[in-house]
Amino acid sequence: MKDIGHQLHDLIRRLYPICRSITGAGLRETLHIIREQIPIELREVPSGTQALDWIVPREWNIRDAWIKNSAGDRLVDFRKLNLHVVNYSVPIKARMQLAELKEHLFTLPEHPEWVPYRTSYYKESWGFCLSEQELQRLRANEDYEVCIDSSLKDGYLTYGELLLPGDSTEEVLVSCHVCHPSLADDNLSGIAVAVELARILGQTARRYSYRFLFVPGTIGAITWLARNEQVIPRIRHGLVLTCLGDQSPITYKRSRRGNAEIDRAFAHVLRHSGQRSDVIDFFPYGYDERQYCSPGFNLPVGCVMRARHGGFPEYHTSADNLDFVRPEALAESLSTILAVIDVLEQNRTYLNRKPKGEPQLGRYDLIKSAGNEKERRMDELALLWVLNLSDGEHSLLEIADHANLPFATVKDAALSLLAVNLLTPR
Amino acid sequence: MKDIGHQLHDLIRRLYPICRSITGAGLRETLHIIREQIPIELREVPSGTQALDWIVPREWNIRDAWIKNSAGDRLVDFRKLNLHVVNYSVPIKARMQLAELKEHLFTLPEHPEWVPYRTSYYKESWGFCLSEQELQRLRANEDYEVCIDSSLKDGYLTYGELLLPGDSTEEVLVSCHVCHPSLADDNLSGIAVAVELARILGQTARRYSYRFLFVPGTIGAITWLARNEQVIPRIRHGLVLTCLGDQSPITYKRSRRGNAEIDRAFAHVLRHSGQRSDVIDFFPYGYDERQYCSPGFNLPVGCVMRARHGGFPEYHTSADNLDFVRPEALAESLSTILAVIDVLEQNRTYLNRKPKGEPQLGRYDLIKSAGNEKERRMDELALLWVLNLSDGEHSLLEIADHANLPFATVKDAALSLLAVNLLTPR
Amino acid sequence: MKDIGHQLHDLIRRLYPICRSITGAGLRETLHIIREQIPIELREVPSGTQALDWIVPREWNIRDAWIKNSAGDRLVDFRKLNLHVVNYSVPIKARMQLAELKEHLFTLPEHPEWVPYRTSYYKESWGFCLSEQELQRLRANEDYEVCIDSSLKDGYLTYGELLLPGDSTEEVLVSCHVCHPSLADDNLSGIAVAVELARILGQTARRYSYRFLFVPGTIGAITWLARNEQVIPRIRHGLVLTCLGDQSPITYKRSRRGNAEIDRAFAHVLRHSGQRSDVIDFFPYGYDERQYCSPGFNLPVGCVMRARHGGFPEYHTSADNLDFVRPEALAESLSTILAVIDVLEQNRTYLNRKPKGEPQLGRYDLIKSAGNEKERRMDELALLWVLNLSDGEHSLLEIADHANLPFATVKDAALSLLAVNLLTPR
């Protein structure tokens, strides 16, 4: 069996060629492939539906697009790379010279071999993206045939949703966007990790219920929020997943609250990971945390990523390709998120039942660590810290942070003390 | 027309020769010259009046003073430099030898060419200040004629006051001391900047009312406070102006509250000024902020200065002269204070009217910046920050500080959003 | 008369040879010697008494112990060094070969000349501690005679207690452990400093009542806490004394509260001491602060030490001997603690009776410092700070910390202002 990193990379490779957008067949095909892996439900929301301050747009579909020279050669070809068409371009079929065409062409002069990714969701227009090198080859007095065989019609916005019920109806929200076409890190890595996360959590006992959203960016999150006001009060923690396959260190962006349990849990796990990582404050741009953390919702939803939104050269270009994402990075992202979820699942606040003086620990049959001297010492410290801070004001995560011990050590100490009746749930 | 820095310097030059004190003709003459520029009212408070814990002293006036040698030469001459007489010296006319005279002579041995500035307001005495060089020239067995032609009689303490009414009766207090004789930075620079500030604010629409005080140090502020208890609850912000013409970077000394809006506004403006500057905590010595920030009033009044109270060699010496203050420094001080006042005038707290999710900004006719790409990006960020933090808990200044954006950018974003009805005043 | 450091060292030297434990004759003898110096009362608590979660153990006594070779030479001899016997060893008399004996021998291979200190209070066993060098001299096929002439029988746990009543029934607790045998720093230095502290405080007027505890570690503190629940609410401040004679800088370990007055007072004194020192946060291991700061009591009790619990090579070894503790270090520890107690005794919160504006200080007969210019300036600043911050919200210690002035300067200023009726107790 392949290791988990390669499994994740395989799913990314399968999804990569599809021309996704915020609506349409490519989006639906993507969700169908996800549904082969985990039992998401597909939601279809008609064009024109009001969602908070937004209106669901018409559905966009595309079959083909090209720029041909007078010899009929496809110089720019949608079938080779779907980034070549400005996403949501209206249909066009025309002949024109370079001067006129140029207003519809987009390149990246600072990276002459790369093709940019562009969209025009909410303003009708059309255009092609190509490399600066390709642009340079076009000639001024040539007659070009331009075709975008697309359609923009009333239809539906589609998104996928999966609820894994837990012991509690309190929910953990996991959200990723599914609207970017052939971009591997910014979109597909988040999808792949979310799918695997859902599969793993689906097979384990869960304290919390987990809700996975596979939504078109912005409009998808907005639409879900508009349709689920009754769910929102149950959301205790949340994560937006994006850009999890590149080789940058993991960055966690805090929720707008700044000190939510998810914020402290993620910071804790990263601090004890032994890897370079970063924790940054919330800001109101980036991915769908913008919506979940808008002031009217203010949900405890953070964002986990490696390379940062807009902060790497390959961002929104053809260079964000299958080589840019690595199995090891995907696997590490997944395991980090699982470690954070483990903290959320296990974190509780207990009361020391013998708070006056220390209990005579030698009299209790406390589970002894099988570890070495240093580990046994850490286990003993953890027992003392848990007893000392279990005054009803400190959760295990807060105790771990205060004592600068790994959460697992503190949690194990608490379970030992619970077993001998020295602790009680608050 | 002269630039503003030179205008300010001209006023300083005109006021420089006058022998000011905490009472008397020089003080009155100074206030009359100010009244030529802005419509201050002069208040006269009789000697003996109780003001809080203080008593208004007798009025001091001086016509002439000298030390003559036996040949009748004026070796120390009040008419050449009014600092030569200890301010508030009682009258004396006597002959004495150097040994006796020396007890009444004050010099600065570490700066042998400079004459110190000394006062004896609340203890009857007399004395002369002279340079160490001048002192060295006096001879032990010479007979000196000493004369101070002063008077100390019941009269009045005088101060100037100007109220510029605004839309609100809430007030901004601007206070400077007017009691130092020929000292250019420590006194006259503050006066000149305050006069110009009053002129400019007098010509513009004002949210707040502005109250300018031109008061003798300590006793003047104490007297005003004693007579205006009913005004005090209306004071929302305040500044003491002093030492604004030298070439040190601007220092803002916080109010006793430490986090008043004036404190945050001044720190914000300095942080974004691109100039070296400093913000320091309140301490209970310095200028009249001591009185405004005494615990029974605890007003939100900070102090703006360049060189600091007692912290520069020229402090309270003849070297604090017309060369020590520079037009450019005066102009920069003025413009900084105006920028701070602009923040106070414009700072408000708004509510996002569509707090759930982001509004679909593309559907609104938002004023577009005419600036470059970077400026447009900053304007867009400002829109998002204002929407995200306009939950009724954050003023525009707090949003600007949180987002690390200039106040003006945030304020413009708020006005744009207000115009399209996405914001409402709290 | 000897200086105080040597007096303290003399007491340590006298106590050093005694074989102390958590019960028994050596402990009693130690307390009797302390009682020669200060009028402590001895408490005897029967074996088997329940104390919080603990049970007072049987009383341990020992007369002699040795390991003899077949020639009858005492190779390991309790009479030469009482650390040679594992404290609380049960009696044994047997002959055995090295292989069997080795399971009962403890050395410190990393310090081959030192003998470790070991205990087995709550688990019946026996053993010898010896140097690695001594161990190396034992031979495999030699027949050794082993004897521990000890007894473990129902008896008593003994501790000493002294209450020095003060003006208030509010108490300062001073606690040290008295259960370690021949260890000079870890035990005897704390005892010696506590004895001298009690003698000095016994001769002075006291605002607070002072309670000195000389208790066996852990079980002694637990027993006292169990028997004195009615006293506990009166404890305002407390200190555990330990390891005060070595040459490390002084370290203060904060109480669990972290910002108790004792914590701020100790940090203040150390900050102004001109010596290297350290202040560290509470953690739930170390000395009896563990018990006083358990969550059910959470007393404001810190711990003062030089070398830190478990943090120096000599810790719990024969190298913690009479050479390891120095008269100068003992004297400095004592004077530092006295300075902290002076802060506690003098710290109060006053109200400025003329809080509006500054009082006209020149009109009051304020005590003038006899010091130099810099000291007089500091005294004047202290007057201004005390007036400005005596709003009922700031104690003198808080004012001193805020103004970065020594407590004594601030306290003297307050007393001056109190004398002229400008302050009043809150």
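Per-chain residue numbering starts at 1, and chain names A, B and C are given in the order in which the chains are listed.
Methods note: a residue touches a chain if its C-beta (ideal position, glycine included) is under 8 Å from a C-beta of that chain, and two chains touch if they have at least 3 such contacts.
None of the values given here were measured: they were computed from a predicted structure.
Put simply, chain B has to spin 120° for its C-alpha atoms to lie on chain C, with the angle rounded to a multiple of 5.
Where chain A touches chain B, the two copies mostly use different residue numbers: shared numbers make up under half of all numbers in play.
Taking each chain's centre as the mean of its C-alpha atoms, chain A lies 55 Å from chain B. Shared contact sites, meaning residues of chain A that touch two or more other chains, are absent.
Residue ranges on chain B touching chain C, taken from their complex, read 52-55, 122-123, 218, 221-222, 225-226, 256, 283-285, 290-291, 293-298. By the touch rule above, chain A contacts chain C in their complex via residues 352, 354-360, 362-363, 381, 384-385, 387-391, 403.
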